[in-house]
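The structure under discussion appears below in the form of structure tokens.
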Amino acid sequence: MQSKTLRPSPITPTVDLDKQGVQHGFLRLPYSRDDSAWGSVMIPIAVIRNGNGPTALLTGGNHGDEYEGPIALFDLARTLDVGRVGGTVIIVPAMNYPAFRAGTRTSPIDRGNMNRSYPGKPDGTVTQKIADYFTRELLPRADVVLDFHSGGRTLDFVPFAAAHILPDKVQEAKGFDAVKAFSAPWSMRMLEIDAVGMYDTTVEEMGKVFVTTELGGGGTARAETVAIAKRGAMNVLRHAGIVSGKIDHRDTRWLDMPSRDCFSFAEDEGLIETMVDLGDSVKEGQVIARIHPIGRTGIAPAEIRTKLTGLLAARHFPGLVKPGDCVAVVGTVD
Amino acid sequence: MQSKTLRPSPITPTVDLDKQGVQHGFLRLPYSRDDSAWGSVMIPIAVIRNGNGPTALLTGGNHGDEYEGPIALFDLARTLDVGRVGGTVIIVPAMNYPAFRAGTRTSPIDRGNMNRSYPGKPDGTVTQKIADYFTRELLPRADVVLDFHSGGRTLDFVPFAAAHILPDKVQEAKGFDAVKAFSAPWSMRMLEIDAVGMYDTTVEEMGKVFVTTELGGGGTARAETVAIAKRGAMNVLRHAGIVSGKIDHRDTRWLDMPSRDCFSFAEDEGLIETMVDLGDSVKEGQVIARIHPIGRTGIAPAEIRTKLTGLLAARHFPGLVKPGDCVAVVGTVD
Amino acid sequence: MQSKTLRPSPITPTVDLDKQGVQHGFLRLPYSRDDSAWGSVMIPIAVIRNGNGPTALLTGGNHGDEYEGPIALFDLARTLDVGRVGGTVIIVPAMNYPAFRAGTRTSPIDRGNMNRSYPGKPDGTVTQKIADYFTRELLPRADVVLDFHSGGRTLDFVPFAAAHILPDKVQEAKGFDAVKAFSAPWSMRMLEIDAVGMYDTTVEEMGKVFVTTELGGGGTARAETVAIAKRGAMNVLRHAGIVSGKIDHRDTRWLDMPSRDCFSFAEDEGLIETMVDLGDSVKEGQVIARIHPIGRTGIAPAEIRTKLTGLLAARHFPGLVKPGDCVAVVGTVD
Amino acid sequence: MQSKTLRPSPITPTVDLDKQGVQHGFLRLPYSRDDSAWGSVMIPIAVIRNGNGPTALLTGGNHGDEYEGPIALFDLARTLDVGRVGGTVIIVPAMNYPAFRAGTRTSPIDRGNMNRSYPGKPDGTVTQKIADYFTRELLPRADVVLDFHSGGRTLDFVPFAAAHILPDKVQEAKGFDAVKAFSAPWSMRMLEIDAVGMYDTTVEEMGKVFVTTELGGGGTARAETVAIAKRGAMNVLRHAGIVSGKIDHRDTRWLDMPSRDCFSFAEDEGLIETMVDLGDSVKEGQVIARIHPIGRTGIAPAEIRTKLTGLLAARHFPGLVKPGDCVAVVGTVD
Amino acid sequence: MQSKTLRPSPITPTVDLDKQGVQHGFLRLPYSRDDSAWGSVMIPIAVIRNGNGPTALLTGGNHGDEYEGPIALFDLARTLDVGRVGGTVIIVPAMNYPAFRAGTRTSPIDRGNMNRSYPGKPDGTVTQKIADYFTRELLPRADVVLDFHSGGRTLDFVPFAAAHILPDKVQEAKGFDAVKAFSAPWSMRMLEIDAVGMYDTTVEEMGKVFVTTELGGGGTARAETVAIAKRGAMNVLRHAGIVSGKIDHRDTRWLDMPSRDCFSFAEDEGLIETMVDLGDSVKEGQVIARIHPIGRTGIAPAEIRTKLTGLLAARHFPGLVKPGDCVAVVGTVD
Amino acid sequence: MQSKTLRPSPITPTVDLDKQGVQHGFLRLPYSRDDSAWGSVMIPIAVIRNGNGPTALLTGGNHGDEYEGPIALFDLARTLDVGRVGGTVIIVPAMNYPAFRAGTRTSPIDRGNMNRSYPGKPDGTVTQKIADYFTRELLPRADVVLDFHSGGRTLDFVPFAAAHILPDKVQEAKGFDAVKAFSAPWSMRMLEIDAVGMYDTTVEEMGKVFVTTELGGGGTARAETVAIAKRGAMNVLRHAGIVSGKIDHRDTRWLDMPSRDCFSFAEDEGLIETMVDLGDSVKEGQVIARIHPIGRTGIAPAEIRTKLTGLLAARHFPGLVKPGDCVAVVGTVD
């Protein structure tokens, strides 16, 4: 077992993960640096426990510029009535807390992309140390895991919950059931092409039920997408039997990203003009975006054509684009 | 006259502003610096002239992170058929070009906010030199002036065109007529409380017809808002009699911002939860946003209540907020 | 009068400076920038008023890395019993608030040194706008003004209160009386050689009683120096008759800085070895500091000798020194 | 043996470590970078050798913002009379030389914390390459090792010398004897809880006598603490029999840090008010520091209470504090 | 074989390396970051193939501030007549493309020095991922490899082509023959002292014919040195039988760097005065450079004397110098 | 007189400008900042005086990245034999000393371009304060003024000395005579088109004899160009009758820059290929540079054609070029 040979995590929780009741505290991670020789990173954590039922681990801020998850989870941590809980709810509203405070995708300390840092290392970077603590301390306690994502400052998505297509079809079905319970406007069956280093993979390899989301983007949150997140979190807790009450079911449409042809990348830099909006239908060969050169007027823009028929599921967000940026993702609909 | 006593502008155009036909060129502004001793800023400009009819000056990128205007104007500069023009169209798609290239509101060279740098100075900062060139060289040629704005990376607006309430009611009426011709979904009668240093003021004091806009925000542009910008530009040119063809009229609703009570400011830092979306109706006293403290879980958020009944016309865009940020603008509807 | 011809201050207070009772609020200064298009600087202010007695204006954070003043004033603003007040106490614990938040001497926004930005400008930099608000709005209300300083991150002082040698000997005497009331371990009669742009000068030219301090330094505060600051603030308020109760008098020793010969400057860069500690006696010609070259071992250090006999009143704080840094200040004692 | 399998160190000394007499030179470490394709880091080193007696290795600047050690060692390297030496004294006044030049705890090149980079790597970062050279080239030559520390810019300590509690009680006793010889005002028996990557551990595992110190802090040095460092270095050399002459013994008080309860950490950000000064006695439960929120006036500070009775041995230095910073260390006295 | 056990390269080419004809495309390397969540690095590549003759791999921009190679290769990629090719020419004008765009030696993303990053890692830094792609995908296809270097911004060289002294004398002779074909004014037999991590070593260990160059420097290119690069590239392709036509032979002089004594390093910082120019003859003991201290006037400069007789083959380029910089390289002539 | 109404300069010299003999000292300019509250800029100055003959003011480092002047002047200040002087030589080897230390054209403190900051201001930026001191304190003492320039890091020149075409033909003739005495390989008659803010203008308007130079560039100096600078400085001093001895005359060729047509500017960004080298003859319409796009291979470069017949007198130095950069200057020859 990996956990036997690795040195212990340097993280100390200020809450007791086994204690009954409501606790608000921190995961304290020592971090010596120029502006604090004996400093630490203090990651907020809430534990709401009532009895010995199943455990849910709810996380946001895996990327620091995605906001629906943190808003829903700071709110839930404060308002969840322990009397309605039968089991344990562990809430970490901002997993990559340094990135979350900075409002950036990656950590300002080590530029770590949390979702590519798993399973982590106890003697690695700050980001890897956090990942390691989740892998060896928090995840083993969980039965169901919900990790909130949105597009962040540079992407925007139609709002969906998702689970992965998995080799273990029983585990897969449990994931899709939890996605259905989440009740986002869209639901996605994801086939991960490059799963190296992901939290998702680490969770699923432990056999847990795992739900993730993309609920908007642009580095903001709207009232509408926050409502989806709040409802989804409660629905998953109810579905798992941890919180009492009826699931608030909503209609959802299922979406697929069947191949690499879903993705269009820029080969030029310039001013991007998205020709269709999120959720619009597109046909194979249609110009879905143009890139205007900005060095002078009078030059024709480069055209980006979709390779698939479907709908615009995600798009590049900022007004300027660089070569290699993902410009658009087209999903197919059942 | 100011223009007599000031030294000449250091800017040299590579186009002849009096020449007939289509020209694509630059306003060249010498800018000596560490990485180019004899460098310059090259601001793209297009001049489309056919005969001696009236002149329109169309500008975007007054703030560098607002994209509907630059997209519409790079497109227009390339596609406007000189044969349909009767007069002159001067297009500067990115007025604060250094800011536009950097994707920032203000200039990376001098942090100049272009819209607070008018009338400019020929021996001032780079931003002031550009402003001065507009004030003394381009604006005197114009009959009608259209300046595109959006919310930029930190604000988001319902899309509207606007003109100012002016002491000269004849000039004011011409402005509102041009706004009507623009045909954005919303139209605004603006009463500028603090007009010091604005392009708007400089233009209006010269007696020109002036239209401005706020067409979205967040540092992006959507297909829908770009379409509004393109249609609006053509409509204004048609309304001014410079381009032939019929105005493409659309329904618009008029909006007012009657007083300082429209604006709500944050007094706390944290994670912002906007409780209503753009265009939603709000009632005096309603909580329209909450600010969640992010240092720990379990703490109640601060609440922001609107002082007016109306609709949410603009809002803070990024997921995090700082004390003093404008959180929301509520407009009133006729 | 200057105040007539200048445009009004852009600052809006959220407190009513004329209202009775205790108010905690802000001076809100609009500050548009890349990360907040409609942002503001929010400077905390407290007003404690009871009746129509005299007014004291208490300030800290004129330089952002000096801490005795802000600690004493945040504490006083919260704990001062309005029932014991007979008049008005206006407290701004951090005058250059952006600098204070950054922990730097000057403003991170414009690198403004607040104490060289007076009388300020309503259309200048953020620092100049704050200065202007003090000059035209707050200072005219004050009878006595106490401004806290310490050495900041790069200087360290023996703790003293001070007033200036002034042409108006009546005003001068009132200043020295207030210094005596302050009761710091040391008291200083200051002859300002270069008074251009100082808050001190602006206050004194309005004929106010003005007390300033240097209470330590190094970018920290000690329990001992904070106690001096708290006692001094209360003593000055009692001395002014604004707060009831007896002055807590302590022994003080008077110090002079008679000429430029008090100051020693480095001509070399290196590792500084201060040969005497603050408060130690020194004799003319004595080596008070040495500068060790750090490029290699085996090279003799440069020696700094004092030009005066007296005591070490201030010294360079960081371990490294640059050419031109003030290495030491020697004061003379009565 | 590790030294057999690793590639050779890339460091070249310009001194001959085996040569008799006084040499001043460099450890040259190639460091290719943007501003010097074939550049190097040049770490000053002095070797004073007379005969074949024991060898002492004296180091400062393990952290780059700690100054008593470098001052004492630049001074000693220049002034130590080779005629009084019987053995070898190797002096590296600034081990993490890039950090020392920058005045920062960690290296500006790779942010390496030297004291967590041992035993180092010959093909790692610049900091790891320096560590590796000490581990494989310098330490094997040494009999006694003295490494100077202070608190640096963000901590301040009562001045003490220290040795570790070790499994080998003979080695431990030699360490405490050397500490006694050092004769600082305070002496510490240290139980290292987390010794991973430390220079100390590397030295002690080789069976050397090892003395370390904390002699003040704040990123400065005082005449008093420099005197302690100079006396301590000579005393250790005399104690080791390398330099002739009598030990200059001074009284010392022994201090312990028995458990994690010695340390208090901040959970809030703000303005820190240390309620006791270094060396003051404190009682279990006493408020030893307060953290004032700085967003507005009128809010109660957070209180930090000590979990132990003893004295304040170390404290946070800067005036502002962040969540996770070590606020205070309480030591217990024999 | 390493290539079997490593995960596949994350790089996707947009060209088909086996296709006949001329293709211009990219190596696309996914690179998620704050300003592009799903971004990539797009490295331009051209493939010119005609039949199944031998393959040449031509590269520039191994270091990003060296320009003769990129100019010659962007030019060659556009102008090489596929009808004259008998085999395959793969051209990557800027191997460390992020560094090349930034105009810096190392990558702005990870500060990677490409020429010390071989053989690379598929899961390492961006620089290591590029190196890995060359090692496992491009190099195995090549018969002859030409990698252009110059001095970059901080060094300047007499223009030469070079091959390494190798254990396999047949391979060595092929390298020197190719160097002769290149026909630079100078030719170098290089004995690599520290070959760890170099592209050169990786190529040669695969048994390929390898030619490298140093064609000037200073971060610029001259018409004369560009002509050398263009002629050299064509000559090597003709010599390899890939392009038809006669080699354009020029006289060359052979140069050696026999030992570490070729190199002189600065021990001081200051203003460097090179006393001889590139290509000038020097005698052992001659002062070839002086370093003027810049802190004050009147101080004698440090003198750098050559340890060899020969000619000045390379020199430090910028006007200021730091301790450890290579000041001069003296080569010996046959 | 301006000097009457302005406040005195804040600069204090540590040398006595009227004293006989050799002095090495500083111009000390107080500069309070975050890292030194009471810091100063220390500008080295040497004064060599013997009797009451005429005064020469010799300066380098007007731009901080130009090295022939500083090398020649640090050398001259140290070696000039006072016994051979009949008058006064004031040497400031680095006028914009902060820029010179940083190796940048402009000041790192305020980004001031010294040669556009004249006549300066005593209460302006650091750069303006230095300019003001020259204008009001040093220049009035001078009879002849020699200011060294080179191309700096971003330009390269054929080496020339120059004087301006002036309205006062007697003064003009004296300038050209001094240029002839300087004896650079090339000599230039300069017609300044935009003379605002220049040191040159300030000097000439005082009626002084003024010589300036461009002696190479690229941010380096060669042995050859340093020799030109040293000889030129001595020749000018001899020509002025301040130093005894015969002028070392060399052949020179006269060059003109008759109009704006001399200058070619880039309109595109990319990799620049200079098609001719400095000093090469060019014909009107000839392609003198090409700009290769670097986003992909296979795209034709932009061509820059000269508008004049003459020789390449200056060129853009770095390998990359931006829109607006001066690419080449063509001079005409007598």
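Note that the chains are named A, B, C, D, E and F in the order they appear, and that numbering of residues resets to 1 at the start of each chain.
Definition applied: a residue touches a chain if its C-beta (ideal position, glycine included) is under 8 Å from a C-beta of that chain, and two chains touch if they have at least 3 such contacts.
Here the structure is a predicted model, which means the values were calculated and not measured.
Visitor: Can you name the chains that touch chain C as well as chain D?
Guide: B, E
Visitor: Name whichever of C-E and E-F has more C-beta pairs touching across its two chains.
Guide: E-F is joined by more C-beta pairs in contact.
Visitor: Taking each chain's centre as the mean of its Cα atoms, which chain lies farthest from chain D?
Guide: That would be chain B.
Visitor: In angstrom, rounded to a whole number, how far apart do the mean CA points of chain B and chain F lie?
Guide: Using C-alpha averages as centres, the distance is 43 Å.
Visitor: Rounded to a whole Å, what is the gap between the Cα centroids of chain B and chain E?
Guide: The separation of the two C-alpha centroids amounts to 49 Å.
Visitor: So the centre of each chain is just the mean of its C-alpha atoms; given that, what is the distance between chain A and chain F in Å?
Guide: Once rounded, the distance between the two centres reads 58 Å.
Visitor: Check each residue of chain B and list the ones that touch at least two other chains.
Guide: 26, 42, 65, 267, 295-296, 318, 323
Visitor: Would you mind giving me the full set of chain pairs in touch?
Guide: Going through each pair of chains, those in contact are A-B, A-D, A-E, A-F, B-C, B-D, B-F, C-D, C-E, C-F, D-E, E-F.
Visitor: Mind pulling up the chain B residues that touch chain A in the complex?
Guide: So the residues of chain B touching chain A come out as 22, 24-26, 42, 44-46, 65-67, 70-71, 74-75, 77-78, 91, 93-94, 100-101, 103, 156, 218-224, 226, 271, 273-277, 280, 292, 294-301, 317-320.
Visitor: So in the complex, which bits of chain C are touching chain E?
Guide: My answer: residues 267-269, 295-296, 323.
Visitor: Please output the residues of chain A touching chain D within their complex, sorted ascending.
Guide: Counting only chain A, the residues touching chain D are 7, 10, 26, 28-42, 123.
Visitor: Where on chain C does chain F make contact in their complex?
Guide: Within the complex, chain C contacts chain F at residues 63, 65, 104-106, 111, 113, 116, 151-155, 194, 196, 263, 265, 267, 318, 322-326.
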